[in-house]
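Take a look at the following structure, please.
In order of appearance the chains are A, B, C, D, E and F, and numbering begins at 1 in each one.
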Amino acid sequence: MGKFVSFGEVLMRLSTPGASRFEQARQFNITYAGGEANVSSALAYWGHKTAHVTRFPDSPVGRAAAQYLQFHGVDISNILYGGERIAVYYLETGSALRPSQIVYDRYHSSFAELNPADFDWDSILKDASWFHWAGITPALSQAAADALLDGIKTANRLGIPVSGDIFYRSNLWKYGKKPSDILPALTEGTNLVIANPINLKDIYGIESDSFIDGCEKFKAAFPAVTRVVDTHRTSISASHNLLRAYLWNGNEVLETKDIEINPIIDRVGGGDAFIAGLIHGLMTFNDEQRALEFGVAASALKHTIEGDALISTEAEVEAIRQGDITGRIKR
Amino acid sequence: MGKFVSFGEVLMRLSTPGASRFEQARQFNITYAGGEANVSSALAYWGHKTAHVTRFPDSPVGRAAAQYLQFHGVDISNILYGGERIAVYYLETGSALRPSQIVYDRYHSSFAELNPADFDWDSILKDASWFHWAGITPALSQAAADALLDGIKTANRLGIPVSGDIFYRSNLWKYGKKPSDILPALTEGTNLVIANPINLKDIYGIESDSFIDGCEKFKAAFPAVTRVVDTHRTSISASHNLLRAYLWNGNEVLETKDIEINPIIDRVGGGDAFIAGLIHGLMTFNDEQRALEFGVAASALKHTIEGDALISTEAEVEAIRQGDITGRIKR
Amino acid sequence: MGKFVSFGEVLMRLSTPGASRFEQARQFNITYAGGEANVSSALAYWGHKTAHVTRFPDSPVGRAAAQYLQFHGVDISNILYGGERIAVYYLETGSALRPSQIVYDRYHSSFAELNPADFDWDSILKDASWFHWAGITPALSQAAADALLDGIKTANRLGIPVSGDIFYRSNLWKYGKKPSDILPALTEGTNLVIANPINLKDIYGIESDSFIDGCEKFKAAFPAVTRVVDTHRTSISASHNLLRAYLWNGNEVLETKDIEINPIIDRVGGGDAFIAGLIHGLMTFNDEQRALEFGVAASALKHTIEGDALISTEAEVEAIRQGDITGRIKR
Amino acid sequence: MGKFVSFGEVLMRLSTPGASRFEQARQFNITYAGGEANVSSALAYWGHKTAHVTRFPDSPVGRAAAQYLQFHGVDISNILYGGERIAVYYLETGSALRPSQIVYDRYHSSFAELNPADFDWDSILKDASWFHWAGITPALSQAAADALLDGIKTANRLGIPVSGDIFYRSNLWKYGKKPSDILPALTEGTNLVIANPINLKDIYGIESDSFIDGCEKFKAAFPAVTRVVDTHRTSISASHNLLRAYLWNGNEVLETKDIEINPIIDRVGGGDAFIAGLIHGLMTFNDEQRALEFGVAASALKHTIEGDALISTEAEVEAIRQGDITGRIKR
Amino acid sequence: MGKFVSFGEVLMRLSTPGASRFEQARQFNITYAGGEANVSSALAYWGHKTAHVTRFPDSPVGRAAAQYLQFHGVDISNILYGGERIAVYYLETGSALRPSQIVYDRYHSSFAELNPADFDWDSILKDASWFHWAGITPALSQAAADALLDGIKTANRLGIPVSGDIFYRSNLWKYGKKPSDILPALTEGTNLVIANPINLKDIYGIESDSFIDGCEKFKAAFPAVTRVVDTHRTSISASHNLLRAYLWNGNEVLETKDIEINPIIDRVGGGDAFIAGLIHGLMTFNDEQRALEFGVAASALKHTIEGDALISTEAEVEAIRQGDITGRIKR
Amino acid sequence: MGKFVSFGEVLMRLSTPGASRFEQARQFNITYAGGEANVSSALAYWGHKTAHVTRFPDSPVGRAAAQYLQFHGVDISNILYGGERIAVYYLETGSALRPSQIVYDRYHSSFAELNPADFDWDSILKDASWFHWAGITPALSQAAADALLDGIKTANRLGIPVSGDIFYRSNLWKYGKKPSDILPALTEGTNLVIANPINLKDIYGIESDSFIDGCEKFKAAFPAVTRVVDTHRTSISASHNLLRAYLWNGNEVLETKDIEINPIIDRVGGGDAFIAGLIHGLMTFNDEQRALEFGVAASALKHTIEGDALISTEAEVEAIRQGDITGRIKR
């Protein structure tokens, strides 16, 4: 099987240790992560060849970031170097009724200021069997949006399946364009879409009275779309969540049961782990229900691991999918 | 608005890291805290001018203690230096069915051996709009009790509201006086009293058949008292508590609902955060019920933060007061 | 009262800090522990004289291991030095639905390659009042099994009570013998047996339709056995367990209520703490029910403490036994 | 005496722990520092009232930065909040023949994008007795240069002495202006200048054949200048340096002996500590030679302290100035 | 051979990590140490039976202190429990020209407030072959001085050699007695005295024009004294020292060469390690010169180890004594 | 250019933090390293494609080890999984006159118990341009020696240059063969040999009166050898070394000047970094003298970096080679 290729910004994640508030912290824990790269990382642990495409500053810090992806087993040979700075996000991990806080510092990044012409998509996607993007990329800059569109079109031309995590946050769009200006063209070339009804309405103007209704209208507008998935999280506290997911496959909506996570070690990256699990399932099992459950199990497991990345074996996720959530010691 | 001035001992808090027992610990985490100073610290984060009055040894350790209060934004210009030692308390944080343990080493401290004549209360309270004390101070030494009485009388003379946290622990009183010898005179000049029916009986000899009954009799004895407040904690385990509070305002008893805290990160200082929240509410809102709820929300939030001090914004506390306890990530 | 003497391998325990996975860990926390030594450690904290008998390599690492037992108050003067290596186990602590993982590296250890002739059991057990072993020892090597049998026989000859924790893991037996080849001879000299019905069947071929039935048949086969005990754990998650225990005393089966542990700090060593608590109770109280409850309370407390060893006072365990599980701060 | 007021950017300093390279680091140590603020911090420890003027983002991270200055005793009431981001510098501390490395990420900072009109210099400098700036500020943006010029002119108008650390790094000037376009106007209002002959030539076009010759020509061009100071560092390795300083006072050049520092704990901030020590000396002693020596002693001491800030008592610096460099324990 | 018994206060040592100043430290490293106990600890590592006699508070903190001595292999069965508090010393480790700083908090300690009648010296010294004391003990309180005198007299009566480390610090004597009131009686029963000419003059009024002259006059006054030893330290910086020692044996003065220590890891406890090494040599070798050199080698090695205690094998010290100071890796 | 391929055991390195002795350490720092893999790691940082061939247990610990090499950029696709355990070495880092200590636990490792038939050397070396081995491998087991000989012969057949680090430690050879039984056959296929005159004599029986004489006789015996290199270390202390190197190229002996390293951060891996630097030079520069100097500079730099691996850029090493050892900050 070919490579899973993801494209997007990778940020330095600086998180306060333990339960420290920003004011108290005298150290930050360092990892490097981004929504799309997190999917590649998780898949690499399950034996997939994966590559991430991004741009870092040409500095020891930029090289350390690339090396961190390499540590997870992700191919970094298509990463470009240049520009001013690495994007950063500061994380304070919440507990009980105190929420986690994220402060972004991502403007003017090497990625946002990339030159679309520098990416040779035909070469990058030569051996690929999947291409993945997220809605953060086109929010960052016109250049990032353009490079992404090039990538999607190349994937379409080469017959490579494309997944897109819509992940819409209105406050990210600062360069003058609106999501509705940009996302439709990207969606046209996308087969698996991670989105919820609110996204469908806010971005594509699709009003719906149910998830299935929305998906059908969405398919009508974007015929390339073959599946739409969504997760639902019940937040009892920052330490205690329930999670389930839905998948519309053109015919029906599959869903999972709630899985309980208590206590949560690290809340960030849960959505990306879900996507990784789902895509792994779709690539590996001939069973959409099982793939969806594998995604939810992967996401639940991610909540018990520090950092954005899901570090796990396939067997660990599968055990949870099959209902072994007793946590008995493995010797 | 003027300064909030607190008076009392500040201890070096030496806590074992994580879940370590004293026998296991090879490091202590260091903070500096005291019941009264904790109130000043919390209020400083919400934009109040606050000052703490205490006495430290004239050593690098004493200066480090003062600097720690300054870090929280508390004015330290009225702190005196001299005497032998800083008081210390050793803390082992409990978990599940294992309780937290505190070992005090507070005798012969610079504070307990202060000279009342060294405090120029007229100058200290010149710009003050509130004066706060706690029942630990008069338990430490006659000198501390005398200095406190001077402070209260000066506040009374200058028309500054006075709050007192009775916080009675019988085993602290070792210098020959009983609480009933000393506390009544201090209470006479106090307007807001934090006390429970057991305190009223043990210290002031007030027998009551309900909280309201006790408060009314207390008011009869101490006419300056305008409000009495109390909190009620349900301890399910060292990691899981419920908290609510009561306020008698001369007419009626207001109360809050229970708020659930699970897991608890740091149990110490919860009462002080309640007092800070309540006083902030009384100074800021024209709504006693809301002030009481703000106090409980502040206290609940404190349980999720390491150290005695509540480090928070007003908005964070207010969100909890309004019921947002889902812990969803703030971006 | 004489010494409590335990015999068995002590491993270096290397555990990942906090919630780190093996892949993430850049540090290991170090303790030294073994099922039998853990019982001696726990008893030493409650005032018993205890000694552990084992074999370490003659290296700084071997000496550090012995010194760690000495730290807990266990006499190390009968430890032998020689052989190649210290056994190691790697531990990754689980959380919520992620189980703890243990990777053993215990073959070719100094202990497994001991020479039975080097142990002068008459001297070792001269002042002993109890001898304790576990089923791991005979699984490691014929030499270890032989040395253990010598120890048990010496204890029998000297009239010292013997306890044995059957603790059967089939995958440990790699040197050519089966448990049913070796364990019966060891069991013949044992008075207090920790075992469950599955052990009785798999090792001794005892089919039973209830715990009491199995125990009676077991007693028929091994007349020296006076008591059989077993614990039952309900695993809700890696962070949340319930625990209870059973004791057959020749006449009847005593049992305890479930005790709830949430959150669990460290799952390993819980069984050893139970045995320590039970034996302490049997040696100290004239009340088997109370001894059994003390064992369960000790085990529950252990789950809140990092490391294999239960570090506690008798009063702390007794408070839990009496039902004080509220975790209120002790000052 | 009035306040010492400094103006300039404060960066989050993220340094790798111990001897870690960027690639190895999984934590950063966090402090907040800037050349000008470092002078205020050092002076605050010696009892001066100091205030720093800067601009931070209005976020928990920006507030944490301000609070860090407050911890050192610096008045933060004139700090403005707004803009996008806090400037960051990443530090890897060198050792032996491996140099320290600094990676700056300071563009688009809240400080660089300040609005000069937001600073009310008359109010800021109302109680000031000294104003300090550095050559980094005008390198960042026209806005920063303009605000600085306003500050200097206000100080001149109010008769407040002004010091300027020329500290010229050509690679910082990226907004279109050259140092020679901007620095002369700032220098016109400055009395104490920290500069070396290379600065004089590169920025002001002053060719000289000795330090004294350069200073005299500089004075001819900028009559307000009353003193020029320079330090000379001999770098034997990243761990071992010698340091001395020169001061031209209009008449002659004073100089100090070399002081040896081995090993160096933290190389950054040494120049700022020198300036603080010199200014303290000029404000406090009536002896320029002693002031210069105090500056060198302060700088040497700084090299033994982690972080950019010199945390010390005046007595500690004075002891080194007097030649006590034996490091004997103080009890 | 019998036990080496030491008597004296054990303090909790709280040291700032790495190069942190007190103001910066957010953790303290914890060890427990005292001049006399340090000698017992060092000797225990070389195979001697040792016991320390002291008094701790009856609290988890007091028990942790005793357990720390037990960790080093020191018998703790003669330690008494009671009184108010454990003595503490705060340590900031210096570097280069910045000296280490110690802040003592040792008054009112459980040890200082001991009751001499509680020590059953006949039982304590029953199996002893050496008794060791230091001049700090009689400085703390009359009770401590009295208990010490009882111990010395008992040792004399039982024919046990006695060593005393005069270690005179005038500022410790606060209870009304002068060293010259108390030390002579203690010295009368002492055989090996660690003292320098300044001690001889200040305490005993012995004027001398050389070390040998002073020792001979000292012997004349205190006929039990058989040896006097002294060390000489050259402090190049806090990180770099030279060390040598002198021994007067009644006939002549033996001396060692300087040994160089660079860098110093931990300066505290160097004198105690010297005493331990010397006593080990005197007990083990029939060669005073070699014993003196062993003492200096032990002291030099101590400077490279964190904490007050010398953790080493005899072979390690002997290698240094024989001149192997190249630090080549031992595999 | 093709891949640099190394073959050899990779051990888990467990080092005590800071200056801790084994007895004190409660944490180990974890890296994974081996003499041959260290060469591949260093080369990967300078842009070479490198691959390491070894065998790990099929466990989370084995996978973490492989992932650590991947982090350094080394291809791990030819690593085999199986066998019992990962080899371990315990490291205590020395300081001043206290040497570093290494305790090996490397027997029965997955690598030592490899099956030579499992390595498909034609496939492994298909794209290789260099093959590197060390004398530790044949010391471990006959199987390891056999697999290595297969690798060397395959490299010879494919015309790939071969380097061998003789690195002879007599105490490693425990399986019955002597170095002189095994090493000659391996040396026959090796072109670049790292060895000193003592190795030549002890292993190959070559007596010589100078380095050049030994090399010429060695060449006579092993005609494939084209270069012999050796380093010389002057150990002033564990913290302070000098280093230089010699290269015999068939005609003459080139040598470098001494380079000074003070202080040393981590002594281990210095020889491997030298080999990496030399090989990089030989592959990249057409200048043997420069290559030799690059090797020494690489080795010196390694001493300032924690862990066995040299993490550096080519430019950093080249700067040191050119004599920039002043350690001035790089911004």
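In the analysis below, a residue touches a chain if its C-beta (ideal position, glycine included) is under 8 Å from a C-beta of that chain, and two chains touch if they have at least 3 such contacts.
Since this is a predicted model, take the numbers as computed values, not measurements.
Q: Out of curiosity, which chains are bumping into both subunit B and subunit D?
A: Under the touch definition, subunit B and subunit D have A, E as mutual neighbours.
Q: Of the chain pairs A-F and B-E, which one is connected by the greater count of C-beta contacts?
A: Looking at A-F and B-E side by side, B-E shows more C-beta contacts.
Q: For subunit C and subunit F, let me know how many angstrom lie between their CA-based centres, rounded off.
A: For subunit C versus subunit F, the centre distance works out to 44 Å.
Q: Could you put a whole-Å number on the gap between the CA centroids of subunit C and subunit E?
A: Averaging C-alpha atoms per chain gives centres 41 Å apart.
Q: For subunit C, write out the residues touching at least two other chains, lowest number first.
A: Within subunit C, residues 18, 21, 23, 26, 67, 101, 263 contact more than one other chain.
Q: What chain pairs are in touch here?
A: A-B, A-C, A-D, A-F, B-C, B-D, B-E, C-E, C-F, D-E, D-F, E-F
Q: Which of the residues in subunit B end up touching subunit D in this complex?
A: Residues in contact with subunit D: 67, 70-71, 73.
Q: Could you list, by residue number, the parts of subunit E that touch subunit B in their complex?
A: That would be residues 14, 17, 21-23, 25-31, 59-61, 63-64, 67, 84-86, 88, 90, 92, 101, 103, 105, 107-108 of subunit E.
Q: Mind pulling up the subunit F residues that touch subunit D in the complex?
A: Touching subunit D from subunit F are residues 18, 259-266, 300-301, 303-307, 311, 316, 320, 325-331.
Q: Per the contact definition, I'd like the list of subunit D residues that touch subunit F in the complex.
A: 18-21, 23-24, 94-102, 104, 169, 235-240, 263, 267-268
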